[in-house]
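If you scroll down you'll find the structure; I have some questions about it.
Naming follows writing order (A, B, C, D, E and F), and every chain is counted from residue 1.
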Amino acid sequence: MNYALAVYGATGNSQAGQTALSFAKAVLASGHSISRIFFYQDGVQNASSLSNPPQDEVNLPSEWQALVQQHGIDAVVCIAAALRRGIVDAGEAERYQLPANNLAEGFELSGLGQLLESLIETDRLITFGA
Amino acid sequence: MSQTSVCIISSQSPYRGQGAREALDAALVSASYDLPTSLVLMGDGVYQLLDHQAPDQLPRKNLLAMFKSLELYGIDTVYVDSESLAERGLESEQLLPVYTLLEGDGVATFLATQAKVLNF
Amino acid sequence: MATLHTVNKNGQPLELCLRVVNKGDSLLLIEDGVYALFEVPDILAELIKDVSLYVLEADVLARGVSNRNELEIELVDYQGFVSLTETNEKTLSWF
Amino acid sequence: MATLHTVNKNGQPLELCLRVVNKGDSLLLIEDGVYALFEVPDILAELIKDVSLYVLEADVLARGVSNRNELEIELVDYQGFVSLTETNEKTLSWF
Amino acid sequence: MSQTSVCIISSQSPYRGQGAREALDAALVSASYDLPTSLVLMGDGVYQLLDHQAPDQLPRKNLLAMFKSLELYGIDTVYVDSESLAERGLESEQLLPVYTLLEGDGVATFLATQAKVLNF
Amino acid sequence: MNYALAVYGATGNSQAGQTALSFAKAVLASGHSISRIFFYQDGVQNASSLSNPPQDEVNLPSEWQALVQQHGIDAVVCIAAALRRGIVDAGEAERYQLPANNLAEGFELSGLGQLLESLIETDRLITFGA
């Protein structure tokens, strides 16, 4: 089957990122494919290139990066949710004259349409709420 | 995309965070792709339709104004779970009249028919 | 030591606050905590006997919440919130 | 259409799920939702009559939660979670 | 800093987010400044002391291990609200035995004596 | 009186930042002083230089910046909470070899000791939870 995941929480106040990551690995281990992971709401923090937790904690952005690059998964971060929460790529940083960019490699900013497309076109969309 | 219909469930209160606003955005985008889109308000989500909101006090964007224009965007079906109203001691007259009330098992019955659902 | 309690949502924050509030304390409902006027008016009516009850005006107006049961609750603005933190020796925040 | 429901905490998410769950559906408790085994065992015992109930093993073990009331609940790992999303035509997430 | 005592109230469950961990960090820092520090667990916070936690399953850092070393850090007073245990159907034997149980109005009475309190 | 504020939430899933900001303005308008605002937990997002909400929404980091600079308030962001959530200044970015920095001007990273110090030494510490 072809799966898509929607992730609405990050490390700070939610377990969503961690649960979604473990679920994604199990989907792939079960022989299914994942076409897209869509990060929305506070889930956009999963795509920060600047998160740097202590050694004894998981660095979720790095884990996602490794997973999506190894399996060629589309990792999409909702652009409106990201701008609101301070996650930007080089293009948006330039457009809005922001002093830096912090979208980790392997992720791309795009619109909510990508979430709706996944809902309609994949066999299963599984949501991980905050 | 095909003509599959989409159902958005929104159960967050309007002004705590961005949850309610971002659920509504998802519904609007769905409708903008000409997908038949319904919105179901349950739990604290019913507060989104409470009349006489004045979020400029905070200040926040007025969600109620977005609900008033839902039909323009092609969303003509907003369902409200009547039990969620009753638990909050709300009368249906206290809400902006743009919705259909689902009584009893109405929400359960409706959701069982929907193949494509997004929870918020 | 007179204490101001703020409660920003129903559920656990309100429950824990009710468990530790003492006679003579003040309780201010803020943010989603103002929905208590709709959801638990009976609990608030009981509480008023021992505790001074306030709601933050901006949050009440923003949400369109009304004091339907005509409880003895005072509407305060942010300056009123500040005054409550002055007159009470400490503030406990339940969230 | 058989549905898998996931619930990640008690309070509103569990309540709304219970309101819409249909006979023959499956319910998987994840994250803080596994505390339902402690907090609302009677509700779960009632639910089992109509619904298949599961808990996510990693969350149960991480938190030290036990199935004290010996409810008929199946422990599943992440692969089992994936299987449930296969066999049910859709998944609703309550959070 | 003076010898004023500090009370930290922690009412979050251990592994949902970082709330419980970050409350414990605040207590440890308080003690490291030689401030007499007490920790009060209420509501879902009592789950932090539940025995037999295995958070490496997630993986997350083991909070229980931090509680085992609290005395080393100079925190010898951990209070648990007995009503919070009862509501969850928990027996006090299911918790790591590093705490003092506060029954009835115990928490209210204790907090009323504390001038410097931080909620988490 | 001398106040300190502790802020534990940001825009995404909480009203804490907004309430705290309005409260801070009222404290100053009442003739009191604020010695420090301490951002902890998800509240560290209030200090992002990259947050860029739509025109019709408040940009909390800019609002805080204006307030603390105008009134000479110490705006401290907990360093451990910030690193975990991807908020870093130039020094930390260099130390951990991160690709950019995003702590807004006017804020500084420091330890939890600053929160305890404010609790002990100010007349009132008011906490705004998520």
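Quick notes on this one:
Rule of thumb we're sticking to: a residue touches a chain if its C-beta (ideal position, glycine included) is under 8 Å from a C-beta of that chain, and two chains touch if they have at least 3 such contacts.
If you're wondering where the values come from, they're calculated on a predicted model, not measured in any experiment.
Note on connectivity: the fewest steps through touching chains from chain A to chain C is 2. Annotation: the chain A:chain F pair of sequence copies touches via predominantly the same residues, more than half of the used numbers being shared. Set side by side, the interfaces A-D and C-E show unequal numbers of C-beta pairs in contact, with more at A-D. In this assembly, C is the chain whose CA centroid lies farthest from the centroid of chain A.
Per-chain CA centroids place chain B at a distance of 28 Å from chain C. Averaged C-alpha coordinates give centres for chain D and chain F that are 39 Å from one another. Distance between chain centres (mean CA atoms), chain A to chain E: 33 Å.
Centre-to-centre, using mean CA coordinates, chain C is 25 Å away from chain F.
Looking at chain F, one finds that residues 8, 11-13, 15, 22, 41, 57, 80, 84, 125, 127, 129-130 touch two or more other chains.
In chain B, 15-16, 18-19, 44, 58, 60, 116, 119 are the positions where the chain touches two or more neighbouring chains simultaneously. Each of the following residues of chain D touches two or more other chains: 12, 31-32, 58, 90, 93-95. Listing the residues of chain A that touch chain D in their complex gives 1, 3, 8, 15-16, 19, 22-23, 25-27, 29-30, 32, 124-130. Within the complex formed with chain E, the residues of chain F that make contact are 6, 8, 40-41, 80-81, 84, 111-113, 115-117, 119-121, 125, 127, 129.
Against chain F, in their complex, chain E makes its touches with residues 1-2, 4, 6, 18-19, 22, 25-26, 29-30, 33, 35, 116, 118-120.
The touching residues of chain F, counted against chain A in their complex, run 10-13, 41-42, 45, 48-54, 57, 61, 80, 83-88, 92-93, 96, 98-102, 130.
Within the complex formed with chain A, the chain D residues making contact are 8, 13, 30-32, 56, 58, 77-79, 81-83, 85-86, 90-91, 93-95.
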